[in-house]
Amino acid sequence: MANSLTRFWGQGSLQKHVVQTGLRGFSSQQNPEVEEEEEFRVLSLRTVKQQFQKRREVKKDPVTPPRSNRMAVDQDWTAAWPGPRSFHPASVPLPLRQGFTERGAAAPSKFANAELMKIPNFLHLTPPAIRQQCEALKKFCTPWPKGLETEAKWQRHFPVEVITTDYLQALPTIRNPEARRVTVSLKLSDLKFDAHARDKFLRLVGDRYDKDTDILTFVTDRCPLRKQNYDYALYLLTACYHESFVTEPWEATKSEADMEVYLFGRNKSKLSAEEILNWNAAEGAPKVEPSPSYGQSVEQLINEGENEYNLTKYKEEVKKMLNIASQ
Amino acid sequence: MKMIRNRLAVQLQRHVLQMSMSTNAAAAAAPAEGAAISEFRTAVTNPGEHSALQVAKFYTIPAEQKKQIFAGGGLPKQYEQQIKTFTEACLMVRNPALEVLEYIKKADLSKPVVRYLLYGENGTGKTLTMAHVLHYGALNDFLLVHVPWAPNWMKRPKEASNAAGQEGMIDLPFDAAAWLVHFKGQNSKLLQRLELKTSKEYVWSKRESTPAGSTLLELVEHGIARIKYASETTAALISELKLLSTAGKCKVMVAIDGYNAFFHPVTRIFSDNKQRVTPDKITLTHPFLNITRYDWTNGVCILSVDKIAMTEGHMDSYMPRYLLGTEGFEHLDPFVPIHVENYSDKEFHSYISYYLDRHWINKTPQGFEEQLKFMSNKNPYALMQLVRAL
Amino acid sequence: MAVRVFGVNLIKTNRNLLQNACKTPATTFGHTAVAQLATEVTVQASPAAVQKQKVSKAMRAYLKRANEHDEFMKTQHLEFQIGKRHLANMMGADAETFTQEDINEAISYLFPSGLYDPKARPAMKSPEEVFPARKAAEFDETGRPFHSMFYTGKPNFFQLLHDIVEETRKLADLEERMLRRGNKPDENQKLEMSGFQLLPKDQLELVLVESIADIEYSNFTNSMDRLIASPYAYKSKAFIERFLKPLLDQSKQLEVPKPKIDEQGRQFITTYECLRKTARADVTIRLPGTGKISINGKDISYFEDENCREQLLFPLQFSEMLGKVDVEANVEGGGPSGQAGAIRWGIAMSLRSFVDQEMIESMRLAGLLTRDYRRRERKKFGQEGARRKYTWKKR
């Protein structure tokens, strides 16, 4: 059925013309009968011959029927519409309609319909087209390296991510200033630190570190060339890392206000606890230290913020330390 | 069903009693009924004997004791009104108070003083818990150093003047004198009995001085009589108390409500150069900070931190560390935080029964208790507001 | 011979749809109904009745137009069929099994349009749907109407009334006969009218392809009601059902969602989009519960106001579910009263799944299930607020 219909339509406008004439012939069948009826004749006493000058008919080129009429329904569509292009009614063999109308009327057809041209189309990206292109690209692909199958694996082997952008543009110059920009990012957990170094490193990199995602990002664009920017970014990373392990003499003067976390050992809490524990102790007797778990609970209370859990833990530790009877 | 009939009988009985006697007498008589006592009441009026058995039950503070302890404040105003209406001073025995009492009873008083810190949401009963403990203290020969509501000094002082001796400090003479009156009212009997003497001579001015060896009562009375020196007298009194209790001559119970007011960033008091002063510029602050330190023995501190002791912008959380701030936390650490929570189901039911008993709730449509529970979220203050008079 | 040919042709043209003044959208429902009436007309026009008469000019114009339309529709059909094959070819699908759904999907893929109204997006539909239906010719070539009620101006409508009365009479006769025999109507077969309603006026107009007045519509409903009220109405069920419409929107609202089961094995139901003023909430109710409430992670103390707490209390207390269910709500936007109102509506809507039908009905009557659409009224210029005027001062 499909093939026969295709042939019927596919052979072009000639066939269609025949059909149309056939239809016309059918409809004009009744014309003779109508003609038979006498027209109402007008009585004209004077037979004035009216001379009508025949106007010269302006010869118009016949409007060529749309290309889509000649398309076979089993054609290769990717050949008919090879690339991205805005909608063209004569090239798309679909009876599309678009537009909002008052109730009762049909929506405007595809011809001279600007709405259809405004919207993007994916006529060049039909599923067969995509399949075809993938097929064509396949021969250029190399096999995926072994041992890097999952994201976790390649993250482990290549922790540093470098992002650069190439620009294609229609300017006299082929260079885009943005192309020199280099973004280097990595997870901070991939670097090894001690407590001091980590703190110092974070202070050195400032807001280049995102606490939520644990990702450190350097963006360099101060050198004119991409290569230089890339080298600079790696230099920055290296320099910051090694600098963070250096302890300067002035770092010892860090006061309580500069502390990023609360440390029990440095604070008044420890002194008060010691004093209470050593109350009325004899001179020279060994000093009783507050238990480390108490220190931890105080640190937790202040560093993590107050909540019922931390406060209850603190209460239990205080009771244990002060030897208060529990109920 | 039987229970209800029982309660009805009790109510009837009480009603008749109230009709026959004068109201005051009825209030005094109610707890003494003994056998006919309701299930939500307890006959144990001594807080020292309260245990988990009495949880969620009401006990009555005898009128003269109530007058002695709470004459100068210590109960919330609306609760005071309720006491007046119900013609009896009833307190519910609740877990936080029992916990503190337990600690105090078992405490080794020769060790440095332990600070207990009550905290909790607005209206959960911190002040009443403190009142319960104060009652215990008064009955057990503790000298009470009680500040009913510390923020009063920072927020609405009677009068503020420059301190005579210290530069840049502010005196609150009337408030200090009022506190001395309160102290005297609470402790006069005990002071007379203990015969405590001052350790050194206090020179107030060229002519006035209190010699070493005079009784504390004389010191207090001097402060009350010479209002100008009330603040200094308070400081002297408190340092004397610390010395005496460390020496083992007396026991001291410190109870300060709204303690975090001492660490609030600013007060509403203006200095000479029209700037708000900080609480540490007020002379009255120092003695009370002094007595809440850990460097003395034979005492106990019950403090409370409260959101409403703070001002706008500092009221986000009811947690002690937030309310005290860094400075206050360091001052108090290590303390024992005690969480005062909303009513439990049992306590709530008990309170409703109490209100029914006092004929305070008249209309009892079906499910009213559930609805009250929902509306008040079992918060004591919210419940009191919901059933309040118009 | 010519006459004969003419007659045959005429019948053909009658079957075609003649242009009519009233334009009707081509909904599928209306379309089939029109076609039905149209065929009735055709049957009545027997070729024997045709005599040789003069064909008037108007008649000729009619016939011409009908022919043109017929032809146009034919080409459109053909184009659509071919377009469908083309589309199937483009998408690499089989043309034989390419359905209208596939067409819609393909078109929305090929021409992604972000226009809000789906009707304004590009589409490829069969011509029956695109072009509105028209009324068939009502008279023959001599100008003699087919329908006996043609001169009423609304033959289809009055025919319908006529039919209804006919049916009613038939049922009345039946009832009388049954009474005489002592039979009673079958209760089991009773016509179920709940969830259905008579066609509204505009839809009835579509079916009749005629515009009718309000009073005529009420005549229709009255006579239909009389027919339906008959105890033997089930005998003419097929007739009645042609003019019934299911109460879709209301029954949808009445449709109570089934509770789901959570990890702890408790039933729960979540209502999203609880709106009041500018507050937006979603409410989850869990059964069995202990009356716990959490609003944005806080308990009922989230609302400081007594009023707002009462708002939440009302649906729970009304349905006697207080203390039996747990409520979790997330709410944002608006002020306290708006938020409380939003949560209240959410609680009431969710509670429907846990109470019986009677309670739902009384909750509806209490207004618990009704959305409150009131919004803040704007301030007017020249006035102090929405309604209040500036203080009038003489000078």
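By letter and in written order, the chains are A, B and C; residue numbering begins at 1 in each of them.
Note that in this section a contact is a pair of C-beta atoms (placed from the backbone, for glycine too) under 8 Å apart; a residue touches a chain by one contact, two chains touch by 3 or more.
Values in this document were obtained by computation on a predicted structure and should not be read as measured data.
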Far-end chain from chain B, centres as C-alpha averages: C
Innermost chain, taking as reference the mean of every protein Cα atom displayed: A
Dominant interface by contact count, named by its two chains: A-C
CA centroid of chain A to CA centroid of chain C, Å: 40
Chain A-chain B separation of Cα centroids, rounded to whole Å: 63
Rounded Å distance, chain B centre to chain C centre (Cα mean): 71
Chain B-touching residues of chain C, taken from the complex the two chains share: 291, 293, 299-301, 306, 309-310, 312-313, 316-317, 320, 322-323
Contact set on chain A toward chain C in their complex: 2, 5-6, 9, 23, 27, 29-30, 32-34, 37, 68, 71, 73-75, 77, 87, 93-100, 103-107, 115-116, 119-123, 126-128, 131
Residues on chain B engaged by chain A in the complex (per definition of touch): 98-99, 102-103, 106-108, 110-112, 114, 294-295, 297, 317, 319-322, 329-330, 333-339
Touch list for chain C against partner chain A, complex: 2, 5-6, 9, 23-25, 54-55, 60, 63, 67, 71, 76, 79-83, 85-87, 89-92, 95-96, 107, 109-114, 117, 119-125, 130-132
Chain A to chain B touching residues, read off their complex: 267-269, 272-273, 275-276, 279-280, 294, 298, 301-302, 306-308, 311, 314-315, 318-319, 321-325, 327
